[in-house]
Amino acid sequence: MTALLEVHDVAKTFGEFTALAGVSMSVEEGQAVGLVGPNGSGKTTLINVLSGVYKPTRGTVRLRGRDVTGLASHRLCALGVNRTFQVPRPLAGLTVAENIALVKAGRRAGATADLDVLDFVGLTHVAARRVSALTSGEQKLLDLARALAARPDVLFVDELGAGLSPSELDHVAALLRALRDRGVSLVVVEHLMGFLEQVVDHVVVLNAGAPIFEGSLRAAVADPHVIEVFLGVRA
Amino acid sequence: MRLFEYALISGVLYGLFYGFIGVGLNLLFGVMRLVNLAHGDLVVWGGYLAYSLTTSAHVNPLWAIPISIPLALVAGFLLYVLTVPRLRRSPDTETSSLILFFGVSQVLEALATMKYGTNQVTLPELGNPVTIFGQQYAASLVASAALAVPALALFYLYLYRTRLGLATRAVMANEEEATASGVRIRLVATSAFMIGLAFAAAAGPLATFMLGGINPTTGGGLTITAFTIIIIGSLGNPAGTAAGGVLYGLASSLTQAYATAWTGMVPYALLLVVVLVRPSGLFGRRVRVA
Amino acid sequence: MPLALVVAVLASGPALYNNLAFLTTLAIYILLAQGVNVVYGFTGYLPFGYVGFFGAGIYGSSLAITYWHVGGYAAIGLGAATSIIAGLILSPLLRLSGAYFALATLAASQALYFIVANESWTFGESGMSLPLLFSPTALYAISVVAVALTLIVILLVRDSHFGLSLRAIRSDPVSAAMAGVNVVRTRTLAWLLSAALAGVAGALWAMMTSAFYAETPFDLTISVYAIVFALFGGVRTVIGPVLGTIVLYSLYQYIGISNPQYFELIYGLLIVLLVLFLPGGLTSLVGGRGDRPAWWNWVLRRRSAHGDLTPEGRSS
Amino acid sequence: MRRVIFKTYRRLALVGALVASGLAVAALPGAASAGASGGVITVGTLYANTGSFATSSMPEYAGLQFWVKQVNAAGGMYVAPLKKKEQVKLVSFNDQSDPATATTLYNQLLTQNKVNVFVADFGSVLTAPAVTIAKDQKHLLFDITGSGTSFFSSGPNPYVVLTSLPVSAVWPKPVVGLLSSLKIKRVAILYCQNDFDQAQAAAIQGFLSKEGLKPVYFQGVPTTQSDYSTIVQAIKGTNPQAVLEFGYPNNDIAFLNQLKSTNTHFNFVLTPFPGQLPTLFQQDVGAKALDWGYTYAVPPILKINQVNIGLGLNQFLAKFAPGKESSVNFLNVAGYNAGLAIQAAFAHATSMSQLGIRAGLTAVNGKLQTLEGTFALNKAGAQVGELLPVSQMVPAGSGFAYKIVYPATPAQKAMVNATAKYPAPKA
């Protein structure tokens, strides 16, 4: 069986600056993969490339064996790839309901086809409000709901936990687990190990734009190289 | 061949002058993203000042340059205080400024009409023609180029050899980062605004020669030319502005020589080609694509 | 409802004030202001050279009338088609942002002017001269119908998924793309719709004026007026550009007739004050479609000294 | 709750705005003003006090205003169908040099002010919309200087009357006569790409080709051109015996200044506007640079005092600007002359209808002698009478004087007061 998403030697440079040096990884159907690494290690750049915000300088991306390298975001969206943003980017001029209505659902089947996404994330009570009236936690949830409305098979979750209260964190972790259980593949970027633990079992560790470890979260935490990278940066 | 040589030399001379015209705009647009559509009108007002001086005091029109600078600094300060802080609160400063300065340009044109009438005014030629390689060039043309060089050099020194210039470049590169690292945006913006206006007004007397006279409506075309030049030459780059000016001057004089009917199209065609092919300008790295 | 009112007002125009050239021009400016509304209001791109499409419509229809002897309605269609073609050719400009886009469209419109003014097949030097195809009354009636159709189209656009996509793109193109919106295509469609409106306006103008030189159709002040009218009324609303045009263009005509000495000065100051104190336009004063009124924003600003309660629409 | 309030506000606003705009429209003065009734003949016109045509429009307007003052002081204008004199009322609006605005304002004159006849603003660009309106609404237009070829090329037309300048295409005929009398073969022509200048350039090219000559330089530049440096050099490179530059005033000024500042000498230089705007050219170019140049001789250079309507030139100068006769320019005369044409039309009108008024002009066609010469129209309404001789500017004291060196009609031979000095002496 081929992997759902296969990333092969993807690199991205901006002028002389290399953000991604060549990343290969794969995501199986229904798998939840953690993407960790120190600041500036290329996690968000990788997600930007995989979600069509940037075109990669080199490398290929395959979705169910089909080459989707460099496709624009809206095409990827239609093919079942979606994401949330590190700083949530719900559409500020629109209401919550409009944010969801914007996504033309119904085109895809997908694991979340039967889901009322606002109800799922718990935002039904603010559906008529404008985005600017939401708290930052609610905006994060809306960002997730907007991504889910497109019924993705692969969802990139970029630091959804950052800045949330402990109770909100538990709520979000539960949501992600529920998605995983429904069969949505997740790639989760997160600094908070406790949060990550609840959602993923498999992690890829990036440093300086290249993967340095791939395996279980437990093994990663014990890996001397990984520890060095993290402590080195912290020091 | 003689014609080609003449077109090249006068193109370079004109080009340096056009570089001068672009400098002030570069500060306003490059630093603050203010689309100063009144730039050309400010240049024209500098020219009118020279005209007033020569007709009332019968002095060399170039005296208007040192006189206009302090006046423009004051006017710049007032205009800044009255408009910019409010403008910067707008969700889309760039677009709002474009419309606002169109209004300012209308006002300046109206005031010029009221004071000087609608007739073309000219300045007395500075002296006998200058001979270069056996062909004659107007004294004012040579003087304009000669004055443009130190003006461009001053602009360079300001940006690269003063603390304020360093701060200005930081703001140009990234306003948020600059603020975070303690740059006083207000100071940088105010001084850039004032200096930009001073450069514009100082170029006025020269423009009056180069454009064969000025009238209240001259400013509009000049503004577009100035934008073309700074976009060709890349924002915030003094050498680029000079080079953009020279490129424009050469294109203009070569079309005059060989495709006369199309001279009017030169600035527009150049601008279109540059923004489509290389939006960062020919001498810059900053890319501004949506 | 507002649509019916606008049409009623325009239709009763001749009874109030029987200067059909003025009323037709007013209708033409409403079309242009709506065109600006579509591209600026809905996508945030300021088409400073919008007059280029107007000119393309004028010359497309006029040349068709001159060379192919087409009828008036065909001329309107061909005017729109010419503008749409111009819009397609210029669509790469949509890659640019902010002032670069504004200046590039300006350059494009003036480049188009120089082509038209230079060529003899466009009657660039000798001027265009058209036969009379519609009586002034008929032309005005057609203009009112054109305005009504335009308003219907804009209403449909606003309330459709297309309109929602446009608003989303204006808010955040990256996020909109992630929601499945084809940003480039959606923007281009808005751009072409706006071009088509200018083309129709151009064809109407050509048939009204019938004798003109190239400098008039490509005069940048036409762009500026359309933009100012739309802004004054309030972009992103349907009624705003209509109101803005009716009020300001009537004022303009009134001033033109009463001959004040300081016309240009007053108009310039008006623009300056408008940008500084009424950036949302007339409709924002009273709360247009879901927007908070300007005074309410002001109250909010006063109440939040540290700006944590920022008025909406001011995200950077 | 807030939504409801906003909705109410919205309705109120809508109603308010509509009322306001309605008021704005109703307040337009034209709607209220009386038309032709009440024993006055109303003449409508436009002028531009700002913008690119203001320089020419304002003096023309002043000339027309002067005519109104003159006829009214004389107890009014004789109106043949009414068999009595009537006062003349001038209704004028400001079009700011904008042809689109001019369109609505011309229409305003006809529909709201119901003027008896109307007069176009200066030049072809601002006249074009008036020509359309005149033809569409069958209303008599007095076109002072809008000499655009297309206005008069579509066959007989009773509604447009060109009062001052001959159409551009016949205008430069004496220039060619002068060139051939001087045995000049190498002619360089530079023109601005507008109807007025291009038509003259093309006409000369046509006349020359009849003599088997081809211009050594024939180029158009945009009317907005201000930099002539390389162009002048390119012309110089063709070694012309004569250089003809057809521009608007600002083009002529920039071109002549370029010659001056580079000490470029041509043996024969003709520009159209120094003759029409002497004061402006003296200021902006200076007498020295104008010396030995050629231009069309228009009044007041052309001194026509034998007239059968209105004032002769000398009287006009004395009354129009007492003590400041030298400040009077051609456009003042042209504005006044348009008034005379109106006066003649009404004096011989067969009825008060538009065609009746036009018939008045037909009655005196070719017989009317004004300070601009013989007033003669062709079937399309173009002026074919007032042809302009060529004059040369010669040094005189600290300034210069215009000498008429070549006539445009046999009748003008008597006016010739110098022979052309060719080649022009170097300064």
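Note that the chains take the letters A, B, C and D in the order they are written out, and that residue 1 is the start of every chain.
Convention: a contact is a pair of C-beta atoms (placed from the backbone, for glycine too) under 8 Å apart; a residue touches a chain by one contact, two chains touch by 3 or more.
Predicted, not measured: the structure shown is a model, and the values here were computed from it.
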Separation of chain B from chain A in steps, with touching chains one step apart: 2
Greatest separation from chain C - chain, by CA centre: A
Pair joined by the larger number of C-beta contacts - B-D, C-D: C-D
Gap in Å, rounded to a whole number, between the CA centres of chain D and chain C: 35
Whole-Å gap separating chain A and chain D, where each centre is the average of the chain's CA atoms: 73
Mean-CA-position distance for chain C and chain B (Å): 30
Numbers and ranges of chain D residues touching at least 2 other chains: 49-50, 193, 220, 222
Residues of chain C whose C-beta touches two or more other chains: 114, 118, 261, 263-264, 313, 315
For chain B, residues contacting two or more additional chains: 109-110, 113, 261, 264
Chains that touch, pairwise: A-C, B-C, B-D, C-D
Residues of chain A touching chain C in the complex: 51-53, 72-74, 77-78, 82-83, 85, 89-94, 98-99, 101-104, 130, 132, 146-147, 149-150
Residues of chain B that touch chain C when the two form their complex: 29, 33, 35, 83, 86-87, 89-92, 94-96, 98-100, 102-111, 113-114, 220, 224, 227-228, 231, 261-262, 264-265, 267-269, 271-272, 275-276, 279, 288-290
Interfacial residue positions of chain C with respect to chain A in the complex: 161, 164-165, 167-168, 170-172, 174-184, 290, 312-313, 315
Residues of chain B that touch chain D when the two form their complex: 2-3, 6-7, 10-11, 14, 109-110, 113, 118-122, 124-125, 128-129, 135-141, 209-213, 215-218, 221, 252-254, 256-257, 260-261, 263-264
Contact set on chain D toward chain C in their complex: 6, 9-10, 12-14, 17-18, 20-22, 24-31, 49-50, 92-96, 98-101, 103-108, 111-112, 124-125, 128-129, 131-133, 135-137, 148-151, 153-154, 193-195, 198-199, 220, 222-223
